[in-house]
Amino acid sequence: MQSSVEEYNRYREKMNEKLLSAGNNKIIKRIFNLDTNTYMDGALDARTKEMLGLVASMVLRCDDCIKYHLQQCHEMKLSTDELMEIFAVANLVGGTIVIPHTRQAMEFWEDLQTS
Amino acid sequence: MQSSVEEYNRYREKMNEKLLSAGNNKIIKRIFNLDTNTYMDGALDARTKEMLGLVASMVLRCDDCIKYHLQQCHEMKLSTDELMEIFAVANLVGGTIVIPHTRQAMEFWEDLQTS
Amino acid sequence: MQSSVEEYNRYREKMNEKLLSAGNNKIIKRIFNLDTNTYMDGALDARTKEMLGLVASMVLRCDDCIKYHLQQCHEMKLSTDELMEIFAVANLVGGTIVIPHTRQAMEFWEDLQTS
Amino acid sequence: MQSSVEEYNRYREKMNEKLLSAGNNKIIKRIFNLDTNTYMDGALDARTKEMLGLVASMVLRCDDCIKYHLQQCHEMKLSTDELMEIFAVANLVGGTIVIPHTRQAMEFWEDLQTS
Amino acid sequence: MQSSVEEYNRYREKMNEKLLSAGNNKIIKRIFNLDTNTYMDGALDARTKEMLGLVASMVLRCDDCIKYHLQQCHEMKLSTDELMEIFAVANLVGGTIVIPHTRQAMEFWEDLQTS
Amino acid sequence: MQSSVEEYNRYREKMNEKLLSAGNNKIIKRIFNLDTNTYMDGALDARTKEMLGLVASMVLRCDDCIKYHLQQCHEMKLSTDELMEIFAVANLVGGTIVIPHTRQAMEFWEDLQTS
């Protein structure tokens, strides 16, 4: 059986490939490139930047973006206590409409521990 | 078989418990507390406040938030005519991007009548 | 000297006239018409609908829309206690990004008392 | 088996009918009417307007609205190269949070070719 | 005396220069570059793309972005009738919260005719 | 003469006091309280949390919220290089509609250096 993490990653990769090949659109390619480069170590380290990406995705309520950054945060050994404080900022700034996305984020975070 | 109402409530309760226990985060707990207290009778009655919560959830296009307030409105005996006028305000102010959420809200409202 | 209320209304009326006359666009005219009709007494009374319009404008953070509905609420004798509870719902649901708009709303509400 | 296009259209039509009959709400009816009339040939042709509707739906991240306009664009013989340039504008203006919606749009676009 | 068009352009250019020089940030530079390239002639012509950029800016309610695209549309000889139909799509899709931004857009459009 | 920083702080404090005293609304008071507590040292340090608050405010395009967090970041000795990387994440995730808010943020950041 496939985990929610595997399912998310497979669909994401499959469709990204199609977007990058279809029409051979340079702007889309460059946006995808930027998306990788922005989160690399710089004046701020990659770990901090992933936290920034996560909180931005949460207040904009983009479940798929949240999942992506949760995976990155998981790889960078973010603790659940740290995660909860990012959730707190997102729910405070973005309001209770962020709660349903926080529920889904929590579920995906648990799946990441076991996958 | 489980209705959409039961499914929604079960997932919501399960994940809320996890959010409240994980990391023992005080800010999250206090936001959840506020979420209950804000809709209590005051200068405005609870029924009016639930309508306010519903229209706010609709223009912000948060399906789960909409379902929550639909349940509260249902318990407070909102009529379908009244509901339709809330839908009208939400679709006027928020535009036609609110229509798909209104379709889902209508379906959940019907499920509430029979659950 | 001109109050903030007069200034708001004068600009709003001047530009609405231009929008309605320029190009003679039927869709714009019908949207403006709908905007009037939606807030009339129906299954819900006009007072409740103006409160719905206000909270929707607040969570969507539209200062001019907020001013419009504040005027309507003022004419319909909303009390400051009632207003504060609408502010509370808006700030809870929409988060702390609503606070700056609440500050401006409070200032306009005070201007309405003296204009 | 039912395609994603058929499934989308069937649900959309079923719920639109319910919204239009329930409560007999005039505002909702007029908004639905406007939604049809706005995209008709005028100073701009219908094809251009459907592209405008698509890009607006994308930056507002409304998957169902995107599907609707993709169908219209498909009927009006938009090429995949043209579509990709609309995707590019949407992802540039709206940011990387639009990417997941672009993935879904791409999948639906493919389904439209074979349905 | 300085027109609103000159004022907008001067501030925009002054601050863009500071953003591009400060910290010498490559990501910001590349986003600015993309912003220019996205609107060039391609499968869709530049005129259509500017209309797409305008409607996207309107539904996202970004006054400064609207002004930018209005200038481009003005240079590409968009007629006021065509503009009004873009306004119509934006107000329909984005709702009446777009109206105040449409009023400001109209005023800037008039300033563009005389500047 | 008064700087933009002083002007911002004076208005903010004046209106916050009115909001907290008017109607004596407990929900508003508790949201303001939470707003202070959320950004205190915890599993994440206050400096990181202010960066989270800043990027969240930027993608939600709330100029006043941005100014508040810029002040906090300035007090916590954020460098301009670090700031530029937060700007980069915000403009990537939120899109080019964030650019005008980034211009204003840059201007306020400069004012903070000299005030």
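Going by the order they are written in, the chains are A, B, C, D, E and F; count residues from 1 in each one.
Going forward, a residue touches a chain if its C-beta (ideal position, glycine included) is under 8 Å from a C-beta of that chain, and two chains touch if they have at least 3 such contacts.
This structure is a prediction, so every number in the text was calculated from the model and none was measured.
**Student:** Along touching chains only, what is the step distance from chain A to chain E?
**Tutor:** Tracing touching chains, the least step count from chain A to chain E comes to 1.
**Student:** If every chain is reduced to the average of its C-alpha atoms, which one ends up farthest from chain C?
**Tutor:** The chain farthest from chain C, judged by C-alpha centres, is A.
**Student:** Using C-alpha centres only, name the chain that sits farthest from chain B.
**Tutor:** Computed centres place E farthest from chain B.
**Student:** Since chain B and chain E are copies that touch, is their contact same (over half of the numbers shared) or different (under half)?
**Tutor:** Same; most numbers are used by both chain B and chain E.
**Student:** Give, as an integer number of Å, the spacing between the C-alpha centres of chain E and chain C.
**Tutor:** Chain centroid spacing, chain C to chain E, equals 26 Å.
**Student:** Averaging only over C-alpha atoms, locate the centres of chain B and chain C and give their separation in whole Å.
**Tutor:** Between these chains, centre-to-centre, one finds 23 Å.
**Student:** On a C-alpha centroid basis, what's the spacing between chain D and chain F, in Å?
**Tutor:** Taking the mean C-alpha position of each chain, the two centres sit 37 Å apart.
**Student:** Would you please write down the residue numbers of chain B that are in contact with two or more other chains?
**Tutor:** Residues 23, 27, 31, 34-35, 38, 43, 57, 59-60, 65, 81, 84-85, 88, 91-94, 96-97.
**Student:** Tell me, which parts of chain C touch chain D in their complex?
**Tutor:** By the definition above, chain C touches chain D via 23, 26-27, 30-31, 34, 37-38, 43.
**Student:** Could you list, by residue number, the parts of chain A that touch chain B in their complex?
**Tutor:** Its residues touching chain B are 61, 80-81, 83-85, 87-88, 91-92, 96-97, 99-100, 102-104, 106-107, 110.
**Student:** Spell out the part of chain B that touches chain A in their complex, as residue ranges.
**Tutor:** Going through chain B, the ones touching chain A are 11-12, 15-16, 18-19, 22-23, 25, 27-28, 31-32, 35, 57, 60, 62-65.
**Student:** If we count contacts the way the header does, which residues on chain E are in touch with chain B in the complex?
**Tutor:** 59, 91-98
**Student:** Okay, in this complex, where on chain B does chain C touch?
**Tutor:** Touch residues, chain B against chain C: 34-35, 38-39, 42-44, 48-49, 51-53, 55-60, 65, 79, 81-82, 84-86, 88-90, 92-94.
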